[in-house]
Every structure is written in C-alpha cells, then in structure tokens.
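I've put the structures underneath this note.
Two complexes follow with chain A in common, the first pairing it with chain B and the second with chain C.
For the complex of A and B:
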C-alpha cells in the first residue's frame, strides 16, 4: 500500500529510490529479543578478540619491534571498528582508544592524544616506538576495561538497530576521505570492519522486515554487495591495499554506496517501530 | 511555543509542545492571536520578506535560471554521477526533474511517521516557499566520456576546462559530471534545495564541490530603472551584458538553435562556464582609485565608461585607437572589442560574489563566482578569456576553480523531463506521460 501511495503522488515518486512510507512495519518488541541477543554475542566475540589482538600489538610496540607492530596495526583495529556503535557508548574509552590528532587542540603534540592513532603516528610517521610504552599500556588497559563494560552491558535495542546507520555515518563523514588512518593508510581495513558491523545488524533484523519491506531489503543488500565487490578488488594475502591505491572511480562507488546505506539504514529503527 | 503562535506546527511538534503551549496561554491569559498582534519585534524574530512567493516556471523551451533575472543568492554545486546505464541515467534525470519541479513550485512535503527521519530537512518550515528558486542542470564532458553509449552525443564544443595563463586551479574545486546552478532570494532556500537533492539521490550523485555567492541588494529607483550590481572589487559588473529580453539576441548569443552545427538534441540548451575567481581585495583596496579605474576601464562610482555618463553608455573605441580615453589593456576593452566581428564573442554573464573565510596568510578568501552562458563555448568564453590573458587586472585576481558544462534544454511540459532529448538521441526510448 505504501508503494502505491508513493507512486501516485507524482511529485514525490522517487522511482527506484526507496521512499519510506507513512506507516511503519508492525514489529513487536518481543521479535527483537533474539536479534539483540545474537548481536550481544557478536559484540562480545569482537571485544574479546580486540583484547587478544591488542595484547599482541602492544607487546610488539613495547618490545620495540616496529615492523611487527606495523603489520598488526590494521587487523587489530578491525574488531573495534566492527562494534563501534557499542564501543562509542563509553565515550571516555572511545576518546582514549580511538581519537585522532585533530580531535585535540595541539594535534600530534597534545598529551591527550593517545590510543591507536597515537601509536600509529609513532610507528608510521616517525618509524619508531620511542615513548610509546606508556601509550601501549594505557591502550591495553582501556580495551580490557571496554571488554569488561561490554560484558556487563544490556544492549539498548534502538542503539543496536541505529548502529547500522551510525557506522555508515562514520564512514561517510570522516573516513571516506582517508583521514582516519592518515599515517598508516590502512583505511580499507576499517571500512571493511565498519561495513561488516553494519551488515551484521541489518542481517539480524532482516527477517523481521523482509516481507513488508522487500524493496528496501533488496536495495540495502545490493548496496552492501556493491561495497563488498569493490573492497574485494583491494584484498591482499594478509589484509587490504593501502588507501592511496583506491582508484578515484572506486572511491566514488564507495562514497555513493555509503551515503545511500546511511540514508536507507536511517529508516531501519523506524521500520522496526523503535523510537 | 513561538512556532505554535504562527500556526507552523507539524504533527510532531504538536505532540511535543501542544501541552506546553496550552498551559502557557492559560498562564498569561492571552489568546495566541491577540498576543501575536500586539507582539513587539524580538531579537530572534525571522527577518521579513515580501518575496517568498515569487515563483519561476520549471517547464519551458529553455531551463530557468539563465535569462532569469539574477536574484540575491546563488550557488553552483558540482557532482560526480554514478548512474551508468541508460535506465539509471533516465532515473537520474527524471528524479532531478521531479525534485526541481516541486522545489520551484513550493508546497508541503509528505509527512512520515515520527519514528522515521522526516522527508524534508524542514529548514524552510513545513510549507516550502518557492522564493524565486531556479535550479539549472548542466553536464560536464566527463559525463559523456565515461559512458560509451553517450560519447558520440557530446555537444561538439564541450571540453574539459584547461588552465588559462593566470589560473592556479585547485583540483578539488574543478570540473564534475553535472552541475546544479541554484539561485533564489535567500541562501537558505538554495541550501534547502541542495540538501533535498543530496538526500534524494545518494546512489546517483556524489557531491564534488560547491560554491555559494550573493549579489548586493539595492533599493528600487524612483524612475523604475535598474543598475548593475557591484562585485567585490566595488565595480558594477554586467553593464555591457546583452539584453536578455531580446529573444532574437538570446537565440544568437545564448541558445543552440537549428542554425547550429551541434547535435539536434542539444538545441534550446547552452554552454555554461563556471569560474571561481579569487580577488586579492586587501591589495585592491590599497590601489589608487585612478589606477583601479584604468585597470577596469570604467568610473567606479557610476560604472560609466570614461567617454560617458552612465554605465549603459557605450565606449567608442574607433575614436580612441591609441587608448587615450580607455586604455587598450583595460578589462572592459579586452573583454569586448566592440568591432563588427566581436559580436560573435558575446556571452551572457550571471555571476555572484563569494566570501569563504580567511587564507593561511590571514587574507580574505573572496571573489567572483563567475557564471556565463553562450551558444558557442569557443567563440564565447574561451575567446574572451584569451583576449584577457595578460591584462593588468591579473595582479589582483586568481582563478582557482570551475569548469565547462552544457546546460540541458528545458523540459517542455509535464510530460517531459530534463535530458530527455539526449536519451532519445542515444537510442534509449522513453515514455512521455503526464507526471
């Protein structure tokens, strides 16, 4: 019915674009229990992996092994990036773990600049682990604390479902430009994790809307597929090519896909009847 | 509550603020109508305009926004286009046409369930005023080059802008597959329109760059005459523009017609040139008035040429072959030689002034968002700019961005859409039904 209404209102007929209708799907809160429980498992698995990977990464930093630390950097971040909407619920830890130089007034020289990107700066811009020991200790302590807090956390459904769009907004606003991993250029690893994290949420709730929102589900899946296909071109044996290898045309394909996903997934909460 | 007093309430605001508004009325003992009548102006009251219902027609032989008198606010937004198949390009053109038709007409956007993002940004309120909006769609040469099935249909003179002598082009401010020239009475109306397009077509369009600009507003003259607006150099700009009300002239200077050797689909269209020209205004302001006037070739206060009294007086270069009245390298003299042959080089200018902030050196980043239209890109802008290469004004200006584009023919009526003739020329059958 929604679709018919859309098409007859000629001025607003957006052809194949998905126009959310005036009503939302009838989804009972109980229907969300299982997807949220499954997502909790996904988040926990990732945060445990984050702790393990960060241990290996920070050990390499503290041992002064620049090359090994560099090689672990991109992969270590992926489990954090995949669950960013949940990790960001703890803003103190997020700032300490994942802030970027431009989040701080004195940029790279700012004492508040810590975490992954501070270590990235040392490893890739200065080719050194000098002075990184305390930063590595802090990072290890932070991800351990994050894991503990996540274990105790009851996931708010609107945060979980909204997270699918939040991940896309993150990529659209601050990552598509290649500014996230500006020293290491491992941005495509982050992209992959962000997209996977978003798709995980979408896939978990997908059965609840598949019938009423078939066109929406098809369109969103197609955009996720387009992203996967594009990123697959840059897959290497142990990860992804550096961001500067990304062609201008592929960057545009990713930009359009991420904007479209952000736009469409912004209706996901509403479609599931969540405020 | 203020929103409630003005009757501008959405369903959502009603729910949120309805109770508060009602209790506020009870507490003060004033009905909202009488309260509004007696209300004195408050600091944050919206400025009032009597022009919000001005409306330009979307349908017509030519697109609006070219010979349409230039309003106070303008913008160029350049996009990369993702649509690659004929079907997707048709969807792009149709959706653009639908959105532009609605935005230029104004009206109420659809209201969705509160649990969904709203259909409209809401920055103009729940009822969108037309506000003299025009949105003009043009295509860059890359639009044709990237699509095999369109390559043969590129307008003959459409090229990728190359740097001229004085240019210092910034790649992030140049070119694009598609431009929207958005103009209206207010910057807010333009921004609203841009946000609508971005929200509606994220899978088809990726924003590449944009530049906003403005035109200083003048009080009406008692005798009903008009003056050209001033640019950021303080000079009137456009005094020698051809008369846009003269259809015969526009058919010669601006529009591609049946007399042109261009592809038939492109008739009724025009070539658009956009140039972001930074002005070094601090330095200009430290230049003696006489030198400023000699560089431009006009008197600053009136805009008149040195041999005349008003801006519309025509300088006679035949009587001044040595440049004793108007220097031979004055801007207006190089831009328009005023010889029998130079009539072929006329262009229709429609520029806006822009101001962007502060350079790293602490100087103002401002200048001219130059826009012009012509039937022949090579005889028009390219020839004129080559004549200007090396002019003394170059010390004070630096073109940093822009591009060359082809402005599509107008959508004829409600069965038509922008770009239809191009799709048909490329062998893609489209249906024309009343939308």
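For the complex of A and C:
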C-alpha cells in the first residue's frame, strides 16, 4: 500500500518534470482563507453550544439530580470533542476541562482532577453528585472562558488542516479502546463528535484537492462513509449505545477505517502546502 | 539510528506512528534504547533540522533545558515513565505542538517549526515541573520576520473573513428589523433599527465600498445627486434617514427598505466570496480613514439624523480590528510603523470618546468647526501611519 503510494507519487513527480505541459497542482495560501474562515465559524458555533449545554448539565449536577446529569453527560461533551484540535490548544483549560485521572499523580483522588471526567466519575462510578458543586462551577467558568478565548483566537492554519488527522488519531487512541469515558461508557458519543469534526475539516478543504487528488478524496470519503454507517447502527433515540454494546466485528471495522483515515488525513497538510 | 527514530524520513510522524504500531514490542524497545543512547550524546544546542531526544522519567524531562535554532526541528520523545503521557511545547498557555498518548516504553517523534522565543515543555503528569525550550533566531527566521510570506497572512485573512461575515449577518438582521418596523409604521422602532444597521455597515465599509453598484445604492449622499433629496437615485440608508428624521414618518419608505434589505443581502453574499489579498487590508483602511478625514468630517453625511460621530466610531472600530489582525504578522518586520498606528488609533478613539456625553454622542450639528478640524487631523495622521504599513512589511 505504502509502496504503491510512494511509487505513484514519484511517477507523478517524474511526469511533471518531463512533461512541461503538465502543471503541478499547487494550492495558493489564499485558497485556504475561505475554508479556515468557515471552520472558525463552525468552531465558534460549537463552543457556544458547549456553553449552553454545560449550563444545563452543571445545573443538574448542582441540583443533585443524578439521573438528569447522567443523561446530559454524553451530549454535552460532543461540542467539545468536535472542536478538540482547537479547544486543546489552550493547555490550561484542556487540563481542567478534559483531563483524565491518569494525568494526575493521585488519579481520582487528586485535587487537580477536575472537569468532565471528574464529574463523570462522581455520577457514574459513585452514583452521586456529592462534592461536585465546586467542580461544576469551575467547569462552567472554564467553558465560558474557552468560548471567549476562541472568539479572540486567530486559528493557526496548520492546526486546522492537521486537526482532521488529530481527531482520527484521538479516536484510534482513546475511543476505540473505550479508555476516555471509562465510568460512563459513552465513548461512542465522543467518537461521533470527533468523527464529525474531522469530516468537517476534510469537507471544507476538499474542493481545493478534488481535481488533482481524486483517488485520495475517493478513498478518504469511502472510509468516512464506512465509519458513519457502522456508527449509525448504534444510534439510539437520544444518542448512542454504551461502549460495551459495540460488537467485536464492528469494533474491528471501525478500528481499521479510523487507522487508515488517521494515516491518510495526516498527508492533508502537505497536500495543501502547510508543512 | 536515524532510521529507527525516523528523524531523517520526510514522511509525517503519524505514518510512523502507524508503522510503530505494527512493529513488534522488541523492536520498540530497541528503538527507545537507541534514542536514549543518542540523547546521552546530544548535549550541545542543536541546529535547526537536527533531532533532539527528550527522555521522560521520574517526573522530569532529560534534558530539561533545550536550545535549538529557529526553523524545523524534530523531537524524539522517549517515555520511560510508567504511564502514558502527552508531550507538549507551550507558549504561555498555548500549545504550539504536541504528541498525545505516548505509551510507557515507547518513543515517538514530533516535528515542529519554531519561531525564536522561549517556550516550555511538559514532562508527564500535569503537575510535574516543566522544562524549557529556548529557540534562537536563525538567518531564515530573520528573513521571514522581515518579509512575512503570503502564508503568514492566512490566519489574519481568515479571521478578517469571519469578521466580515459576522458584521454582514448583523447588517442583514438589522435591515430586516428596519424593513419590518417601516412596514409596521413604527417610527421609533425604525429609528433604532436604522442606527443598529449603520454600525456593522460602517465597520465593514473599507471592503463594502469596493462594490460600486451596491455602494451607490446603499449609501449615496443627496449632496452628490442632481436633484438632491428628490433625485430618483437617492436610495438606501440616507433616503430612509431622510424620511425617519426629517419627514418624521415611515410613510413612503417601504420600497426603500425593501430595496436596502435586498442590497445589503447581496453585499453580504459578495463579501463572502471576496478573495482578499494581504495588502488590501491596510490599503482599504488607509483609504477609508483618508477620505473620512478629507471630506466627511468637515461636512458630515448624516444630514438628517446628525449621527456622524457614531458612524466615525464604527469606522474606527473596523479599522482597529483590521490593524489588530495584521499586528502579529507585521510587528517583527515593522515595529515602529505598528507602534505608530496604535498610537494614532488611540488618538482618534480618545478624541471621539471625549465628545461622548452620558447619553451618547451629541448631534453632529452641535460639533463646532474647530473640533471637526482636530478630529480630521487625527484621522489623517492615522491614515498616514497605516499608509506606511504595506511597504514596511514588503507587500508593495
């Protein structure tokens, strides 16, 4: 596979060199302005939704309504996961909003363990909102601050384009394994959000490469479709099935498609002149 | 050695990640060991393009203080701790580059194109002490800073597009309210909507005034039309202003507000498709400030509502946004010009602010000739300062 790609790339370079009439595809930086502007709008819409959803979620936590808070957890995270390539650029907020117990010395007992996964631990592992009030307040303050910072941020173009692969790598590393939402098992919600975020980036830059990279575009689209179709089998009325419902066969299908997507999408930056 | 860590390979790091994933664990240990051996030799500051190995164990980075030359660098991260970790290069709270999910015993590479400056590196758990990364200027980075490449403007241009789209949406929305209020015969509501619509229009004026047909339909001033207020070409904002503020009625304005709404919607769509090149930002801002200073400040254009000061404020806000977007790219190449622009912007804003009373701006006919002259001079000074920017960053 890789050999074939390398070979066809060299053949292409060779033919471009010896045939003066064949223009080498080149994307001007100005062609990327529109996709990046559109992506910024997508990110802003998601971060505004995150603020609204987190308000309802943290209100339920603070009201001590365990069942309601549990039911809102998966959906609330989605707008964060969809824009993770940008959201995680703010290391302080990413740490306090989305760190896992493993990132802290004392794991679940660590006072620095805050944010979504700390609340997830309380709700799903301890079945209680006890002690979660201050964590909920901080989460609300953090997503509000995130939304504000995103508004002021000039998106780094290479992070936008690179984000398509980053999201798929994220899925491969933490969603396929069921590692991320280990207490709630709502990993498929995150998976879907990461997937949507990745596909959004690809769709935005797709017109720039469609002509010269037709085979690449077709292959990536087919893998996106494969993931979408498989994931759709687990759609429920208000979200997604728990991770343990995922069959071994489907897990394999997803893993294969996601790994290939991660690998293929990692070439996007180069194709768009952003390395 | 370089093959096992892949630092000489032009392939992206994630492809290597995939390769690593299929190679057996024994090979990984060898690779990690080789990288560690390399790290122990690699003690002096690396040049751009060299591979730097950072080993993480016992809650610290080794080496913990790294110096590299600006440009592309390859880092090999060796995780000798007992937990999966992510490795980040931080500029304040901002992540410049990162590698996530590096499993214990594994090494991964990260490629970063770094600008001169002082950064921090993370070393495992979130509360572990961070290391330092010092990036020294290089000939290439000096040349890039002096004359930023087209690519450097990509972020600011995209953000400018977002600004134009956002303001364009506000303009359409306020024009809808204006149209609805006029058709409902609600004079006060129409006046409020008129003022709300003016602000976004004036903020994007440096780009909006490039579409001559729409500009002539949306914002013509009666002074330049043969039959003045009675001229059939007197349409758009000022025609509606004339009805609302001079004739004090919404009667007969329905066709004008329908047309204005259609025109600003067309403007929004055209602006969205506009392919703006970097030099147009300063050029547009300079032209608007100069024409305002030369003509609009002296005579005013809002003859019926006398709200010119609000218009100027919105113009300056738009120009200020444009300059703020260019600053990160321009400041290294042209620190003095950027500084001067900021000074002149503050001058104009301060002058405007001083005219503001507790109920907002006074009616423009109450602003005397001397005050207008000072305002005009300050705007001209701002226009002149902006006029130097493109040449200073090599855009002319």
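Annotations for the structure displayed:
Everything below uses one rule, namely that the second predicted complex is superposed on the first by the 250 of 275 C-alpha atoms of A that agree within 3 Å, B and C clash if a C-alpha of one lies under 4 Å from a C-alpha of the other, contacts with A are read in each partner's own complex, and residues count from 1 in each chain.
Methods note: a contact is a pair of C-beta atoms (placed from the backbone, for glycine too) under 8 Å apart; a residue touches a chain by one contact, two chains touch by 3 or more.
This one's a predicted model, so the numbers in the text were calculated from it and none came from an experiment.
Look at A:154: by the touch rule set out above, it reaches chain C but stays clear of chain B. When both complexes are overlaid on chain A, the residue A:262 reaches chain B and chain C alike. In the superposed model, A:169 makes contact with chain C only, not with chain B. With both structures placed on the common chain, the touch criterion links A:199 to neither chain B nor chain C. In the superposed pair of complexes, A:223 makes contact with chain B only, with no contact to chain C. By the document's definition of touching, of the two partners only chain B reaches A:253; chain C does not.
More chain A residues lie in contact with C than with the other chain of the pair chain B and chain C.
Contacts of A:77 after superposition on the shared chain: neither chain B nor chain C is touched.
Put simply, chain A uses residues 259, 262-263, 266-267, 269-270, 273-275 to touch chain B in one complex and chain C in the other. Contact residues on chain C toward chain A in their complex (touch as defined above): 12-15, 17-18, 21, 83-84, 88, 90, 93-95, 98, 100-101, 122, 125-127, 150-151, 153-159, 161-162, 165, 275-277, 325, 328.
The residues of chain A lying in touch with chain C in their complex are 2, 28-30, 32-34, 36-37, 40-41, 44, 88-95, 99, 102-105, 112, 154-157, 165, 169-170, 173-174, 259, 262-263, 266-267, 269-270, 273-275. Partner chain B is touched in their complex by these residues of chain A: 9-17, 19-24, 223, 252-253, 255-257, 259-260, 262-263, 266-267, 269-271, 273-275.
Against chain A, the residues of chain B that register as touching in their complex are 80, 82, 91, 94-95, 98, 101-102, 107, 109-117, 119, 198-206, 435.
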